[in-house]
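Look at the two complexes coming up: chain A is in both, with chain B in one and chain C in the other.
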Partner chain A sequence: MKRRYYSFFPQNYKKNLAALRATFEDSSDLVIREFSFGTNKDKEVKAALIFLDGLTNPTIINDSIIKPLMHDNHLLYEEEASDLSDLDLIRNRLLSVGVVKTIYTPNEVIEACLSGNAILMTDGFCQALDIGAKGGEKRAVSEPVSETSVRGPREGFTENLRTNTAMIRRKIKDPSLKIRSAVIGARTHTQVNLLYIDGIVDPDLVDEVERRLKKIDTDAILATGYVEQYIEDNPYTPFPVIWCSEKPDAVAGKLLEGRVAVAVDGTPFVMTMPMLFIENFQTAEDYISRSHYATSMRILRLIAFTISLFAPALYIAFTTFHQELIPTTLLFTTAASSEGIPFPAPVEMGIMMLIFEILREAGVRMPRPIGQTISIVGALVMGEAAVQAGIVGAPVVIVVAITAVSSFAIPFLMDAVSIIRWFLLILASTMGNLGITVGVFILLVHLSSLRSFGAHYLAPLAPFQRRDLKDTAVRAPLWAMHTRPRATNPQDLKRLRSNPPRNPSSSEKATGVRNHDKEQQYDP
Partner chain B sequence: MKSTGGNISPKDLMFAVFCFIQATVLRSGYIIAVTRQDSWAMAMTGFLFAIPIVAIYAALLRKFPGKNLIEISDCIFGPIIGKVVSAFYLFFFLSLAALNAHDLGSFVVRYLMPETPIAMVLLISLMGCAYALRKGIENLMYLSICLSIIVAGAVAINSILVLNDMNPGFLKPFFQMDLMTYIQGTVTIGAVPMGEIIAFTMITPMLEKEKKVLKPLLFGLLLSAFSMAFAMLRDILTLGPLVSIVSLPSFESIRYVTLADTLTRMESIYAVVLILLFLFKVCILLYAFILGLSHILGRKNQPLPNQDHTNPSFNTDQPSNPKSFPPLTLISTALVFFYSLIVFESAMENIDWGASTAPFFSLTYELLLPAVSLLVAFLRKLGKAREVRE
Partner chain C sequence: MTRNNSTIRKGALPRSITVFGICVLLASFLTGCWSQRELSKLAIVVGTALDIGDQPDTLKLTAQVVKAAEMGASAGSQKSSSGGKAYVNMSYTDRSVLSAVRGISHMQNRRLYFSHNKVLVISSELAKLGMGKGLDTFTRDYESRMNIQLLISKGKAFKILEEDVDLEKVPSLHLFGMMENQKLNSETAVVTLRDYNIATLSGSPAPVVPIVEMKKDKVKLYGTAVFKKGKMIGELDKSQTRGLLWVTDRTRGGALTVDTEWGQVALEYLHSNSSLKPVRTKDGAIRMELTVNEEGAIQSNETTEDLSRLENVEKLKELMKEAIRSDIENALSQARSLSADVFGFGEIIRREYPKEWEKMKNNWDTLFPQIELDIRVNVKLSSTGGLVRPVIPGGAQ
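Let's look at the complex of A and B:
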């Protein structure tokens, strides 16, 4: 890259500082520390250290930059100490900071300042030093709120990008883990990192993600969701087509399957792509617990998804159109409970679902103690009172409650399900079972048409991939998962070459036989 | 990342054929009415009857790789006569789509929602089909294996649950009817559900390997023949002499299911599966009609509303194969809607048509026209061999 030398750093040092002050006008956090250093008074160098208070680490500023320059220059050789007008000398011999680079333009100075670095400008040079002094307050690594774990690691991502990439690096100690960097947002200058494992990931996928990131032209990127909306394939689908997690172990697992991760500074979530529909039912814990239990949990989540999507619609279809399908005793009980209710079943269900959505939203947005109060007042008091007052029937409350509880079992799909549920409810209210069936058909076709970075969203079910079924509703034992998912098109398809664990008695026998052979071999 | 354009695998095609035929198999009443307790054998003889028909399609498609039936007609008969032949095919696809849509509508009205007007049922069903076509036919084809698994599961579960009510004696007497009855049964099965796979000749250019058509079509048919025989056997063993009276034997036999007095009325599950299969079948037929119509009218395929992603393999909001989303979808769907409303005046007319007229009507388009096309292609030495020589 050609470097353009502007007249920003000429001999007129005061003018440069004035220009910088003008740029950061009314920014009280800008600190310009002017000082001079050098052993010889005739050759004393005027310098300024520029940084934004709060973004830098004061210890680095004081002990690793200012102190060596002003007081430790006796450590230099005599011939060097006599003339400190060389920036390279300052960088190589005085500054005890890990990251130092030379910059040449005013824009670089501003960018470095805003990203938390310190800038050393000296009088008479057309260069400056960008000194890595990032610091400031940041949240400590803590247990993720959205994904708790019983047996797995308890650490979660923080708002600091470098902490997040370091946590992934700690999981995958392989030089093949690559971290590419980009800055997005004309005003926010948000740092975005793209992570992948070279040799596993499809290079075209990496290029595509990078290309889509580069195409983002916006002034603000404040969280992962901002980037997600700019790079996803299907902006109008209710289903999530980019996966994200708060857990480093989960993201590391996705990277090892040949996916690409995107981490955004300022967000404790890291996205991975491409995403498959079945990932909505997978958790990091699945791979830690025994395969039987993990499988049963997966099936349970699938059932929960089905209930949360179809329960209100089926209730309406059965009670309004197909009463003959309800067992007789249950039909009498339901009819008795609904007697005297002033509204038709679809209206009743609609009201209750609306109340539930309001309660959920209120519970999430309110502070935790008040949120609990809302749940109690809303769910218990209002539900009970509504039934006793004869405004809604008890079966409707039960159906809405079971729908709500089921939707909490599939947190990734909760948003999508809460919208599609209404669509199915309208279809069921107008056309009964036929409406639901047509709705299912439309849903299936829609899911089949979705793509996430070229991967079929419904894979391995549509298109059908028999060999990839081992991590869907059934979670096969780890030793049986020899290959990575084909949907991500990994370069290295083979994941492991291990055999299933053997019966100890048979392995002992085998070892014994081997030892015996060895003894025979070495027996003189 | 593989490109998604025109990547229908032979496996998808095979199971699509299975789903396509299953829609008719599950309502096998019109065949059982003719050959009664021996109907299960007609599934196998019907398959044998369909083999030469499929061989003709395969020969045509191999001679003109990458072309669908309408384009092949143009190549063989020239631009004017070719258009006339294509118009015949189009009429056939339109009729089949309308007949199947009507079948779906009358099934729903008769068994699920007796007070609902058939027009509403047809409207909502065809809206679902139009949405599916708009999303791309290949996405529907990808679903075929999943649908097949659901169908097979439903058939297996239902069959296990009615084991208790089966009586092997109902199969007797074996093959006591006159030969003409068996021939009628064979031709009916060979022509009506099986020969209708002519609609797939409009989709085969989207196969991964365009030339490998015969195998998936034949295996799909074979699978359907076994499934059909199995379903008919179950219905005959369960219902006995009643089987030839009811119009939907599978539906009636599943009504026998009672599990611990809780799982009753299992036919509702069967109804859901049947509606899904009908929607699948109508989609395929509608697609064949729409694609042919846009070709005849010289309408170019619509550009798909993709995102501005330059790498075509990632440009996948919609399928990238231009043939997967032809124009005129909504107009054609409306045409099928109105046609299906007026196609039969009564249920009796429908049954009579299925048993007596349908085989001859279907064979004209399924056997006669393709056979003549192949013959003309041979006589005029058209197709791949000539192109190679040139």
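Let's look at the complex of A and C:
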């Protein structure tokens, strides 16, 4: 939908102002500061500064716009000062503000106003000046809540788009980091920025993302998730096909792998695409810690994924279909705990899983202080008391607990897994291990059919790409990862050629000395 | 890069997905959870005993069922143990094993579940009449496993399952553990249902099954029963069983006490292996050659003699050799008198000389006792244990 605007009345300053007032009727935050300036009394110019209170920086308005106009005429040459009827003169000589644009249409006036700029309209001109005076309250850069880091950078994105892109720019000091801008949302007019590194990224990918962004036709974009849902490839999959992060270093890493990032004003999250399945198991911390540890953590996350997906289903399949597969002693203890339980095992499992999901949701939505109460009620009352009261067996509580804990180890997949787990549980309780096998096949078929902006979701496993396995379950040392992942089709495949660090004592002594000399040379 | 999926789909779920979803949903109802069974509806059988029934042509099946609540009591379960037995023995007499199992279901609210059956005890009376009836069912059934320990009981089989157990809670589990423990002494031929079936199905050998007996409410291993054509025809005593294990290369440790000129010395078998080979002699007859390689150690020296001296070691080795040889000869003479090929000579001959075996196999019962066995025993005493000299020194020093 298009907003209907009035058109400028050429050179009719008063009418323009009145029309503007009409547009912003009942908007008490609109400020129209009328004043006049000029050296000659008869040549005084009437002007109005229009801005929305709260979106602008008062210091800029007072000191850099109004003050020079009204008091600093002496800065001008005498011949100029006599006639201030030239907008360019005002722009070039008086306004001490970084961003000043000349605008011509009322639409531009309104848009500039809404995005936090101040507009200077002067009597007798059909142009106005759009003066960058953005300001207002915003949250300071702080440590991200959803992703914490031990050795990595602590800063996280904020709700301010410019702050966010600046944080990325600060990581990648390269003019080839491009930031394209778009405005989406007929009412919200949300700034959406598209970031990529020219020369690495596949240009087709950038075009594709931009095309999809342009296709969005909606009146409101309030967060990254809105955009995500409009541009993703497979709207019906439970798996995330667009990656997002709260950490600038993580996004910078993705950009350097040849991905495109989309930042949306108003959310402390930046999305990157295309996304691969394996990215669910990667964290920014992986590349900071030593590769052995990072590898073992990757494997641990894969195990956690498997447990959180299959544990309840396998427990049900084993205890209701394949008792012969349980070691005899374990069977006795399991049987002992299911003695006197009024529900069939699948129902019992369902009850516990439901309770867990409710507790999790309650814990997320509740204010922090109440969250603690919930965990106490959940842990003690639900777990311990349910077993004592004989409603569920102890093994079921253990299985649900381990499932829950495992799913916290893979935060990206937690949503997907908590749905699929139910699907597998139903299959397991109707068909046992056969059902689980069927479920696994359906999952595999589904996963391998997924695409994210042209990239195969399961790459580099399917289609198999041997050289890209360096960053899957195994995180090879950084010096061994010579190439960027091929799944994103980067233009510049090679990262810089590097070699394993060498022990200086094993190489020639002379080399060490030479290196030392070089270092000194570089010293200014 | 292909981007065929790039368009943003809108609207309702695609028809194909809806149809597929409905089909999956309906199919899952069709299954009706068949073969599903709740743990609390199962009676987990850990041991079975077969006796001759009191009516003619019947057998009495006793199933030992674990009371899971009692078993789990020690595992920290909330239900407190009542201090009772952790098992129930259920018996039923009928014409076949299967009908007896069905019969028990007339008396119980739970279904007997045989997958965790550990032991099958058959009374020697029934074994003498023939084992076919019981074993076929236990082999053919999907639920029952092939690694059940087979035992023959002297006296009533169900009595064995009423053993007064000390360390375990359930007699069957005690029996099962006891059989696994037998590699310590190599005096019992441990036989599973699978071993028994392999022996009978391969034709020639006479299967063996260990015998247990009840002595003052405790079960004790006693010897080995020898079978032929599914019927128990005789027994091997301890020494003969040891001989059997030597020949069939199943000795895995054990101890031997020898009487020396200075007193008793206990020797330990550390590593042993034996190989059995048929050899054709010049006159066309087939002999068997057995080579036993044994490595032992001195386990205890109750004399005052220093056994680390080489001539003493040689003496001990001779004694050890003699003991092994006498066990084997003992077993051989018993097997000959029963005319039962417990060693599996026939099978080895068939592999090595298939043509000759074709001629021999029909009258193997009469040929077997005539097969000569050459015994070669190589003994090595590799260690005197943790001590070199005796604790009480003296002797020839």
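FYI, the second predicted complex is superposed on the first by the 500 of 524 C-alpha atoms of A that agree within 3 Å, B and C clash if a C-alpha of one lies under 4 Å from a C-alpha of the other, contacts with A are read in each partner's own complex, and residues count from 1 in each chain.
Following the convention adopted for this analysis, contacts are C-beta pairs under 8 Å (C-beta built on N, C-alpha and C of every residue); 3 or more make two chains touch, one makes a residue touch a chain.
Since we're looking at a predicted model, the values are computed, not measured.
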Please work out whether A:T334 is in contact with chain B alone, chain C alone, both, or neither, and reply first, second, both or neither.
second
So, A:F281: does it touch chain B (first), chain C (second), both, or neither?
neither
Between chain B and chain C, whom does A:Q388 touch in the aligned arrangement: first, second, both, or neither?
second
According to the stated criteria, A:F239 is in contact with first (chain B), second (chain C), both, or neither; which is it?
neither
Report for A:M431: first if it touches chain B alone, second if chain C alone, otherwise both or neither.
both
Is A:E324 contacted by the first partner chain B, the second partner chain C, both or neither?
both
Who does A:R451 touch here: chain B (first), chain C (second), both, or neither?
both
In the overlaid three-chain picture, which partner chain does A:P344 touch, first (chain B) or second (chain C), both, or neither?
second
Touch test for A:D204: chain B only (first), chain C only (second), both, or neither?
both
Let me check the overlay on chain A: which residues of chain A are in contact with chain B and also with chain C?
202, 204-205, 208, 211-212, 215, 233-235, 321, 324, 427, 430-432, 451, 453-455, 489
Once bound in the complex, which stretches of chain A touch chain B?
202, 204-205, 207-208, 211-212, 215, 233-235, 274, 321-322, 324-325, 327, 427, 430-438, 440-442, 444-446, 448-449, 451, 453-456, 458, 461-464, 489
Can you list the residues on chain C that touch chain A in the complex?
1-3, 5-6, 8-9, 13, 17, 28, 31, 33, 35-40, 42, 44, 46, 66, 68-73, 75, 77-79, 113, 115-116, 118, 143, 145, 173
How about chain A: which of its residues touch chain C in the complex?
202, 204-205, 208, 211-212, 215, 230-231, 233-236, 319-321, 323-324, 328, 331-341, 344-345, 387-388, 390, 394, 426-427, 429-432, 451, 453-455, 489
Chain B residues touching chain A - in the complex, by the definition given at the top
1-2, 4, 7, 9, 11-12, 108, 112-113, 116, 120-121, 124-125, 127-128, 131-132, 135-136, 139-140, 142-143, 145-146, 261-262, 264-265, 268, 271-272, 275-276, 279, 307-311, 313-314, 316-319
